[in-house]
Every structure is written in structure tokens, then in C-alpha cells.
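Below, subunit A partners subunit B and then partners subunit C, in two separate complexes.
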Partner chain A sequence: MSQIPLSKYHLLTKIGQGLYGDVYKANILGTDQYVAVKKIRIYDVSVGVPITALRETSLLQRIQHQNVVKILEVEKIHGQIRVVMEYLKLDLQQYLNENKDRLSVELLKKFMHDILSGVGACHRLNCIHRDIQPKNILIQDDGTLKIGDFGSARVFQKFPQFFTSDVCDLWYRAPELLLGSNYYTIAIDMWAIGCVFAELILKQPLFQGENEIHQVKLIIPNVQSFQTVNLNDPNLQIQFNGIITNKLQNLINQDGLDLILKLLKLDPEQRISCSQSLQHSFFR
Partner chain B sequence: MDLDRYNYLQKRDIKLAQIIPDQMLQVMEMLIHWIFQVGEQNNLEIKTIELAAILSKLYLSKQLIDSDTVDLIGIVSIMIAVKFNECQNKIQMNIQDCVNQCQSKYSSKEITDMEMSLLSLIEYDANMTTITDYYDGEAVQIDLVLFVTLDSEFLYFQKYELYEAIRNFYSKDTSNLSENTKNIISRISAKINQLTANDVSNTPKIKKKIIKKKGLRRSKIYSSQSITL
Partner chain C sequence: ICEEVVKDFNSFTFNNSLEHQISQEDEQETLSEFMREQVKYEENYSYKKNYLNNQNEIQSHMVPILFDWLIEVAHSFHFKRETFYLSINYVERYLLRQPNVLISKFQLLGVAAIFIAHKCEEIYPKTLKDFHRLIQDQYTIQEIEQMEVQILKSLDFRMYPNTPIFWLNYYTKIWDEFIIDKDPCIM
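Let's turn to the complex of A and B:
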């Protein structure tokens, strides 16, 4: 008798579209436990298994951290690959849209602590996420935040490597990326975290550029020419700090503002890391 | 190096559990050599080349395969390593590139099936530790890294052991090195001396050339042509 493999998961409804295929809410057969199942769609036979899928399964399976979304299993069924992940019904973007009230300082601390811990776990394992934004930060029922969507993530080694500069959602893209750098570091994630922090306070994205040039101008208003921008020019930083302080000073305490300014350093070399941020007085 | 990162690298530092039969070793060396060549021609990163070699070795150690189809494993290993590690704006590799590189010896279906087979063998986790992952800012001795990757004598060592040996290969003071590291260093030296000596008696120069990094000789598997990755 030929065996027909049976999936352990029963697909319920489509809940979204990931980078490499549709995402379904499913339950584990015989239980009422929910999981998210990402079907890896081979869009293009000529490419084989999509790069985003390969990177996500490779990186996420190893990062075991309470603030990073978990892969439970990679299932191969009917010649198709399905990535089974823990099911989280809400992301930070939806949360911000639905929740009009200002976040308390306590909640800000909790959220930022979770984000920095999750991203810090990736960085310790030599992985740059490259797409930190509220949509990719998921919320568990108990309020714990988890970093998800590792389709853009990649590993790095400890010497300069050439990477594509076309990463990160525009609004969360670090200035060195906007200026076209190909030799960036984990500091690009730190900039994005800074933008998310400001967004949690403002209840709207910090810099909403319409295109790359507009985005640069929001960060460095009197930019003359992109070629000559020197990100470690102290005057540029002072000017920029002024913009941030104006937007946020009445909405957050001094420690919080100080942490944001350290995350949003124009010069990537000067930007604070996850482990340093977690030691910051804001969390005390 | 911080402890966290080191632990993680060690966890993914795969030790070949199964022995590759002697008659396969030569085939394997030829295959790894060919992977180097494709890597050099296409300017692949050293990590990508190491990763492709690891994937091929793993597959050869787990499955009994026909030496005629060993290049299928090689090309698919390269494709997976490129997908995982190379910057996509710089280089891309798809199924058709594999078909072309093997001069249509395999169909795209065979390439796709091998990709699935290799990925399920590694449980969809291509993030395996390479020797160069252990480097922390110091200059990488590419020649030695490639040498130990190619030579089957170093097949069953873990990458951290090889890294320690390579890092200390030229150091004068060996007093604080472990016995294991000293042993690997002397094996590498012996191998290099042997190859250099053999060289005079007109034997193939492939390995020595890697050491000198003069560029690699054409593959024996088939005449190579630059592939359009």
C-alpha cells in the first residue's frame, strides 16, 4: 500500500503574505494549539528555493531567544516546503494603529527592552536583521515582543564585506544606506530601532519620506550634495539632535531622549549597540 | 571573542560523523578543487567557497553516490552557498546557471531535486561554521584556509581546530599551544613539504599552486568555462 504523507497541521485561514509565500493560521491536528504555516512558494522554477526562505530557515532555527519568533519545524510535504512557526496574531504596527492612547513610560521600557534583547541576540550570532520596523515586530498575548521576518537577514563575518545597500524599509533606513554604502554593519539595525522607539512615543513614524532623496532631506535638511555628506561632522549631528529634541522633548523623559539620540547617531561608528543600550539609565 | 558568539560558532561547527570511503576521497578532492575554481572565476567570497565545500563533504559522507554524478552535488552546493552568503546585487545563481555550468549534463529537474535533497539533509539550515567565521578582525590566511579545506587529511577536524592551527602556523612561540594544535600544524607543514618535494619529480602542482596562490589550474572534471552567475 502506498503511503500518503499527512501533514501534522490543518490550515485554517490565510493571514498574510510573507516575503516568499502565503502565511496561514493552522492548528496542530488533534489539538487546539495554533501555529503559523508559511508555504514556500517556488515562484520561479529557475531560482529553486527562494533566497529569503533559505536565509530565514537557516538563521531562525538557531537563534533561540524569548524575543525572537520561533521556527517549530520545517515540513516537507507533497514536494513543498512549509515553515511552521509560532502563531502570534498581532504585530506592533497593528497595535500602534489600534491603540490611540499614549504609551506609558513603563510600557515603553518593556517594549524597548524586548526589542533590544531580541535584536541583540541576532547580533551576537553574527546576524544583521536588515528589516527592523513595527510590522516585523510581533506581540505575544502576554505582551512580550518578538522579532520576526528574517527574510532580509544575513550573516556577517568580522571583516568588511560588500552588502547590498537596498535593504530596510525606507522610513527606517539608516543614513549610510541612504547614501549608498555597501560596507555597513549591525549599526543599521540600531538606527531602525531608534526610529521605532521614536514612533512608539509619537504614535506615528518619525521620518516619512516619499522617496530616498526626500528621506535624506528629512534627516539632513540642508544637504547640498549627497557625495559630500560627512556623517561624522559634529555640526551635522548637533543640527540633527535639534530636530529630534524638538519633536520629542515634551513626550519623553530625559533618559529616554538621551537613548534615542544615541541610537540615532548619523555616524554608524558612534551609534550605540544593543548590549550598551540595555545598560542605559533609561531602563533603571 | 565573546563567549556567546564562540559557543554559537562551535555549535554549528559540524564534525563529519561518517567516514568517507577511501576510493571516494580522490573524487572528493577533485570536486572541492573544482569548487575553488568556480569560486575564483566568479570572485566568490572565501566563506561561500568554504560553505560549498562543507555541503559537498556532508553529502558525500551521508549518501553513497556514483562518482560520475559528483559534479551535480558540487554545483548545487555552490548554488546554496551563493544564495546563503553572497550579496545578491553582486552575484546571483539560478537553476539554469547550474545546468549551463554542467554543460547540460543534468536537467533543471535533477538540479532542483538535488537542491531539495541537500537542503533536507541539512534540515534547511545552511548556516554552518566555516574556518573564516572564527577570524575576529585579524588578517585571513586564505591560502592555508583553502589548503586544509581541500586536503582530505584534514577532513575530520573541526573548523575551530583548523583555525587555531592556521592562526599559529607561522608563530615562533609554540609553547602555549595545545598538543592537538601542534599536531595539526606539523601535519600541514609535512603536507606542504611533501608536495613541494614531489613537485621536483614532476607530479601535479595543483596543491602547491594553491599555497602560492598563483591561480588555480583547470579542473579535471571537465574543461571549465566561466559561468555567468
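Let's turn to the complex of A and C:
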């Protein structure tokens, strides 16, 4: 399959498995430029072009920003659809695994700035990413971070809407999703960014739940019943802030801690937005 | 459409300070910036008023018939309004870009458009069979599939335009904030 004469790209090695197909490293025939090619597996003939592929390509067509991965082409060969994107060697997870030292404050600032401006660009265009985790944040050679994998992203309106609640990787899932709410806003992305920020500092994921119930218990330790949890209860918030502060106290300066606490608000209404975070004193 | 929006945009700069004070979620982003960005995107996504000029077989009175039928389809499947407006946008942009669409393929275009739109917007997608049943065997499933790919290709996969619903939501939100701020007695 790898040598289809029609294609402009020569597939080299498999570099990953996406939600809906395999990702290959490829080079443009006749040059030494590399691209990433996503082969879209068609699971179900009855739905035509797979939904995730359709949404990802059309959203990436719309969002063009230096901190969001670039889409180059969509090609259809022998009934198979391939999405061609720019090739980036590393993702943030690999980077964290490889570098055991703590990141300097300057690097933290740069990483967070890139992530926030990339996700901010999506939010400004009414797109909610819904799957932010270190695996989906890619690193360019010069150190710029780019947001990738828009497979579960979708557009939204300004008010909370009814969506499916089974989104986001478990460790980065916001409390309102864990409690089963179908109405949510871009605030779920902000929670995930907060978790990524903490992970950059701790060098390991902040909450590593084994299942959904365990995950809730990590965030709210003395939860009695899931139906009666009130996320905008100030006492819960104070208790939760205590957990976070304990974990991060000596590893980050006061401004950074303050930003994390603002990103990790239990109540989605109080969580700060991307544009507000970029104004935060941590970045000065 | 684009000119209209620009006109709106001019008249709205007047309210800029108002939006700026009220909106707590986006303090840094002013209304005009938001508008400018949206208008920039409209250029890639909107259709022109004379989109029927390069069509021989499709007449202007046929378009509303197709749209009426699309409303019925959306209604019978309980789709969101957004879905319907997306499909309208696809049909019109396709007609603008593809000259001489055959009249025998016109309804096929409609079906494929709403099929794509529902995949972009709805939570629980239907299958091609559901849509096939709807058009009572005028076209085969393969034809719908081919048309789908053709639409995607000719629209460059730009499937998320700003629909009228988006602007309506946007204006009503500003209006709500205006009323709450300026004139509490109306409430």
C-alpha cells in the first residue's frame, strides 16, 4: 500500500495511532521535506466520510495560527482519504519523558504562552478542542508548541449547549464532565490546560485516576454522593486549593501557583479564559 | 453578505466601550477585534448574491423549493436549526463554484449537503440509509457518497461558516447585556 504511484507522498514509518487511523511519517516525492500523513480508516461504510476526519479537517482549515498544527492537503486515493499535515518530531509527553530535569521558569512561561495562545485562537473562532493533553501538544524544532489532533473538537455557541459528555482523556477531564454534565463550555479546555501546566512542573500527571470514580475522589476527596456535589461551594474550593498548593508549593513561584489555581477552579463559571490568562502577572 | 457585515461592523464600533465594560470573560478582546476577525473569515465562507449566473439548468425559483424540502428533512429528523443553515451554505457555495449543475442532480446536492451538515453539527449521526430512504430511491447510496466527497472537495473542506444563527445569537447576547446594563425597567 505504501507505494501508490498516484500519491505525491512516500510513506516511511508509522509514528502514531490517532483516534480514527494511523499516522505516518512521509516525504514529498523528489524532495527531502517531511510531512505527517493521516490515513483515515473507514470503520463504517454507512456514514461516508468519517465524522472525526470531517471535523478535524474543516476546523483546521478555519483555524490558522502559529500555535496550531497546519494542514497541507487532503487527498483521496483508491477510496481512502488521507490528511496531510506538517510533520513535527516530538510531542510534549515524549519531551517530558526524555528530560528528567525540572523545566526552568522561562521555559514554563514560553510553553504556557504557546499553549494558551493556540487554544485561545480556537476559542475565539468558537471551536472547543475537548482533548487537550500533553500527547496532543507537539513541539517544533525551534521550541514552539503547536496544538494538534482536533479529532474530537467541535464548534459551539456562546451559551452552554448539549454535547456528549464522554470527551477528554480521563486525567485531564474537568469535574463538571466527571459528574456527568452534558452542558459545558470552553472551560473544560481551561481545566485541561491547568492540568498540563501542573504536569510540566511536577513532571508527572497531576491526577492519575484509575477510573472515573477514583478521578472524582482525587479532586474532591470526601465526596459523599455524586448527585449532591455543588461545584460552586466555596468550602470545596478552599479544600481543593489546599491540595494543589501542597503538591506544588516549593516548585513554582507565587504567580505561577496563582495562575494554576485560577485555571483549576471547580466551578466552570469562575475559571479564567485564555485571553485573561495571557494577561496574568505570571507572564510579565 | 460581506459588505453587509462590514456595514454592521461600522455601526457597532459605536458600542465598543459598552461591550468592553460589560463583558467580563474577554476583557482584552474588544468587539471590533472580534468582528474584524469574523469578517475576515466570512470572505472564505460566504457566497455571492449572483451565484446562479453560471448555471444553465438551475433557475432561481428552484432554489427555494430545494430549501423548503431541506427544512422538512431537518424537521423530520429533529435536527438543530444550525444544521439546516449549514446545508444551505454548502448548496449555495457549491453552485457558485461548480458551473452547470444538472437539474437531475439538484436534489442529490441537497441531500449530500444536509448529510455533511448533520455530521458536523449533530451529536448522534444518522446513517446514509436513513437519508437514502428519504429520497425514495431516486439516487443510490453510492451517488450520495460520491456527491459528498465532491462537495467537500469543491468547498476545500471549509465546512464551518458562520451561519445566520451564529450572528443572531451574537446580536441577542449584546442586546441582552445592553438591556440589563442600561435599562433595568424593561426587564
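In the analysis below, the second predicted complex is superposed on the first by the 277 of 284 C-alpha atoms of A that agree within 3 Å, B and C clash if a C-alpha of one lies under 4 Å from a C-alpha of the other, contacts with A are read in each partner's own complex, and residues count from 1 in each chain.
By our rule, a residue touches a chain if its C-beta (ideal position, glycine included) is under 8 Å from a C-beta of that chain, and two chains touch if they have at least 3 such contacts.
Since the model is a prediction, treat every value here as computed from it, not as a measurement.
Visitor: After aligning the two structures on subunit A, examine subunit B and subunit C and state clash or fit.
Guide: Aligned on subunit A, subunit C clashes with subunit B.
Visitor: Quick check on the superposed pair: does A:Leu72 touch subunit B, subunit C, both, or neither? Answer first, second, both or neither.
Guide: neither
Visitor: Report for A:Leu179: first if it touches subunit B alone, second if subunit C alone, otherwise both or neither.
Guide: neither
Visitor: After the superposition on A, what does A:Val223 contact: first (subunit B), second (subunit C), both or neither?
Guide: In the superposition, A:Val223 contacts neither subunit B nor subunit C.
Visitor: After superposition on the shared chain, which partner residues are touched by A:Ser273: those of subunit B (first), subunit C (second), both, or neither?
Guide: A:Ser273: touches subunit C, not subunit B.
Visitor: Quick one: classify A:Val155 as touching subunit B (first), subunit C (second), both or neither.
Guide: A:Val155 sits against subunit B and subunit C alike.
Visitor: Residue overlap on subunit A between the subunit B contact set and the subunit C contact set?
Guide: Subunit A residues touching both partners: 44-49, 51, 54-55, 57-59, 61-62, 74, 76, 124-126, 154-155, 157-159, 162-164.
Visitor: What does subunit C use to touch subunit A in their complex?
Guide: That would be residues 25-29, 34, 37, 41, 115-116, 119-121, 123, 125, 127-129, 144-145, 148-149, 152-153, 156-160, 165-166, 169-170, 173 of subunit C.
Visitor: Which stretch or stretches of subunit A touch subunit C in the complex?
Guide: Within the complex, subunit A contacts subunit C at residues 44-49, 51, 54-55, 57-59, 61-62, 74, 76, 124-127, 154-155, 157-159, 162-164, 273, 275-276, 278-279.
Visitor: Which residues of subunit A touch subunit B in the complex?
Guide: Within the complex, subunit A contacts subunit B at residues 44-49, 51, 54-55, 57-59, 61-62, 74, 76, 79, 81, 83, 124-126, 154-155, 157-159, 161-164, 166, 182.
Visitor: Going by the contact rule at the top, pick out the subunit B residues touching subunit A in the complex.
Guide: 2, 4-5, 8, 11-12, 45, 47, 79-80, 83-85, 87-90, 94-96, 108, 111-112, 115-116, 119-120, 123-127, 132-133, 135-137, 140
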